[in-house]
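Two complexes are shown next, each including chain A; its partner changes from chain B in the first to chain C in the second.
After this line comes the complex of A and B, so read on.
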């Protein structure tokens, strides 16, 4: 079958052409061994052998800590003026693409978040296929989330089969046309196949609050927050307002939060909807495997495995999910 | 607008937390517009307690009778009393040898020479008076101190931090010194707010801000043990800043 092909040795040339369009970021292994999404400046190649970055690409859309409103007594509350230059994210795995798809459903839904929307429209997504390791679970169950990208590179012998998924992708193909060729090659099924399956949003019985597993998880959890901070779909945030020293100005800040933290479900007066960590684990499980609110029935877990890799206590929700969701590994 | 009247006092400690305020050079002119630093012996003399204060910021633990008197006096005169720094909040370094014989410690330090003042086992402020808010850290972050003052100016107290050093360390996308380097990093047990100052520089967290709410000491000790740090070593490390750590 005739397919567009780009040779491995043309990767650098490809990035060079992309850089003419916008700043390009991709997975880069630091001197400390940590793989992070970072700028692919000239001479730096993305580490396409890395299974996952430490933080997912959500860091580009929702900053760990950011000002969402500024207040002055003269002008009242105003959105911060932020210029959002175009950015190309290169080397996104299907799970991370599905993660962005999930965030889009939350932040671009009925009442779009202006900061998210501006940053999202500035992003061009270039995906790449991958091979799941023992921490991944994308292949274990069907997800209704789609691994949408503007361009997708499917790893084949000697290079990549390249396909476009949007008008923006078509434009990029135009930029790359001198290094892209048509070839008759057998393209293996790509790793996006784990996503995009329609799952009937079946109404499941409420999760049993008396399951001993909730307490067992709570007893083993350090409460460090790594699981959700490194999760591509965890997007809970805390909103805080800090007054200025002048007594007339203020900034309103949002920062990443975690449903296992003490104050996550706390309300005025110190009351809490989920007082102990066992209750919070049930809540976390429900969100990750069953979804809730407008996304009821859509599991938020994209199977990237980050929560398992980063947990200092080695916690893993998969065995519980295998039982409660009847997933057959 | 009336300037808020403050008392800034230091008890048994190194004065580093009070110094933090003087190090806010850029903000000092603005601070002087908003606050009257009426009692601040470290910075201005003569310093005499007089009338009432909107807030007292107290650094250090108490280990001498006259400090206890001063603390009670500050409490009586102030709307808010704030524990500034780990010594005031938890006891800190001065309380490192709490639980051991005072007589023995005195001999170790001063030998046979007479000691002028009576001392007792160093205590955090809250063991003597009601504390309205705490700012932990050895020393706290400058931003925390400025935020506290801005909050006071707005008539509110700072929001409690509920996350550990790990949370901010992850947000910075640092290498995890506990899981990847098997070091005795106390991040998971330690109150956040410092922006993971030490792990940012590849230095394991020393626990200088004291315990994070709901920390899981039992499980953490198990994990440290797997990495070759026995319980005694870990507890000794934790107690350098907070003698209250118990199994």
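After this line comes the complex of A and C, so read on.
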């Protein structure tokens, strides 16, 4: 079957052409050995063999800490007026694409978040196929989230089969046409096939708090919150306000928060609705496997494996999820 | 309406209701939904510039002139500085958010309002709304408890409604306190005790509850003993709703979000959900 093909040796040329359109970021292995999404400047090729970056691409859509409102006594509260330059993310695996799809469903819902919406529309997504390792679970628990991208590169011998998933992708193909050729090749299935599956509308019984596993997890957990930081679909945020020294201005910021922190469920007067760690674990579990509010019934876990890799106690919710959600691998 | 952006409001009046609690009247853009179209039990987000933002239940009724009544207990990082608020001070408001009490389901029913402490705030909003069309409802009973007589709020207003015979009112305090002139017929007992001798027709009674979380399980079990069905018991839940629009992830009750699916839920929706009440 005729497929568009780009040769491995044309990758640098491809990036050069993309850089003419926008800043390009992709997975880069730093001198510290950590793979992170960073700018692909001239001469730096993305590390497409890396299974996962430390932080997921959510950091481009929800900054770890960002100003959401500015206040002056003259103008009152105003949305920040920062311009969002276009950005191309290169080398996203299907799980990270599905993670962005989940964030889209939260932040671009009925009442879109202005900051997220501006950043999202400035973002072009270029996915790449991958091979799951022992930490990955996309292939074990199919997800209803969609791994959508503007362009997708499917690794084949000597290069990539390249396909477009949006009008923006078509435009990019136009820019790349002198280095892309049509070839008769067999394109293998990629891990996008584990995403976009219908979920059963089955109502599950409320979680059984007496299961010993909750306490076992809680006893081992250090409460460090690393699992949420590196999760592509964890998007809880705290809201803080800081008054200016002039007494007439202020900024309101939001910053990544964590449901395993004790303060997450505190209300006025210091009372907490999730007093112990086992309760907080169930909160996290409900979000990851059952979804909150408008996303009830949509599991948030995309199987990227980051939480398992970073957990200093080696905790893993998946075996419990497999049992409680009756997921058959 | 941009629900993420607070609109300007000014403090129109601040009046003490109890030693630590004030009635704050704000004035904002006339006709804006934040002041003109909300249901009792819904909430708004109040911003104090340079300090922060908090969710608060509406305490009054919708207005056309842009005024908003809020009941503020001065105990938190935003509410404490509000103690020294003065007319003309600038604040911000956004809302209304969430779901309030189900007024349409209340038509023709006897209504039992149960308020504990600061829980009187949304229930005053409900009561004032119900009294605007008194003929639509059956018996209106308010059970209201506070820690001591000095902490009972809106007493003049409530006793006047009682005197006019439009509501039945029962008051209780946890302890007598230092206030000598307590209201007449005020009991010294915990709030659920008021349900012990209450005669009601469970088949036509709906209960609307707001109070400290610790009292909810007892109130619900007493109401069930009286034969009130779970879907006739509505509770306003306390959670820290930081964004108000279902994004920040702090207020989930089971898999539902307090800010968009609540804060008023029927007990039928909450039964079996871990940590829903306390």
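Keep this in mind: the second predicted complex is superposed on the first by the 327 of 329 C-alpha atoms of A that agree within 3 Å, B and C clash if a C-alpha of one lies under 4 Å from a C-alpha of the other, contacts with A are read in each partner's own complex, and residues count from 1 in each chain.
Here is the rule we use: contacts are C-beta pairs under 8 Å (C-beta built on N, C-alpha and C of every residue); 3 or more make two chains touch, one makes a residue touch a chain.
Small disclaimer: the values here were computed from a predicted structure and weren't measured.
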| item | value |
| --- | --- |
| Superposition on chain A - do chain B and chain C clash or fit | fit |
| Which superposed partner A:261 touches (first chain B, second chain C, both, neither) | first |
| Touched partner set for A:207, first chain B, second chain C, both or neither | second |
| First (chain B), second (chain C), both or neither touched by A:237 | second |
| First, second, both or neither for A:225, with chain B first and chain C second | first |
| Which superposed partner A:290 touches (first chain B, second chain C, both, neither) | second |
| Where chain B and chain C come nearest after superposition, their Cα distance in Å | 5 |
| Chain B and chain C footprints on chain A, overlapping residues | 240, 242-244, 247, 264 |
| Residue numbers on chain A that touch chain C, as the complex places them | 68-69, 71, 73, 76-79, 106-107, 109, 111, 113-114, 206-207, 209, 235-244, 247, 249-250, 252, 254, 257, 259, 264-269, 271, 273-274, 279, 282-283, 286-287, 290-294, 296 |
| Chain A residues touching chain B - in the complex, by the definition given at the top | 30, 32-34, 36, 54-55, 59, 64-65, 219-226, 229-230, 240, 242-247, 255-256, 258, 261-264, 277, 310, 312-313 |
| Residues on chain B engaged by chain A in the complex (per definition of touch) | 1, 27, 30-31, 33-34, 146-147, 149-151, 153-154, 156, 159-160, 162-164, 166-167, 170-176, 178-180, 187-189, 202, 212-216, 218-220, 223 |
| Residue ranges of chain C touching chain A (in the complex, touch as defined) | 2-8, 47, 49-53, 73, 75-76, 90, 92, 213, 238-240, 242-243, 245-250, 252, 254-257, 260-261, 272-275, 278 |
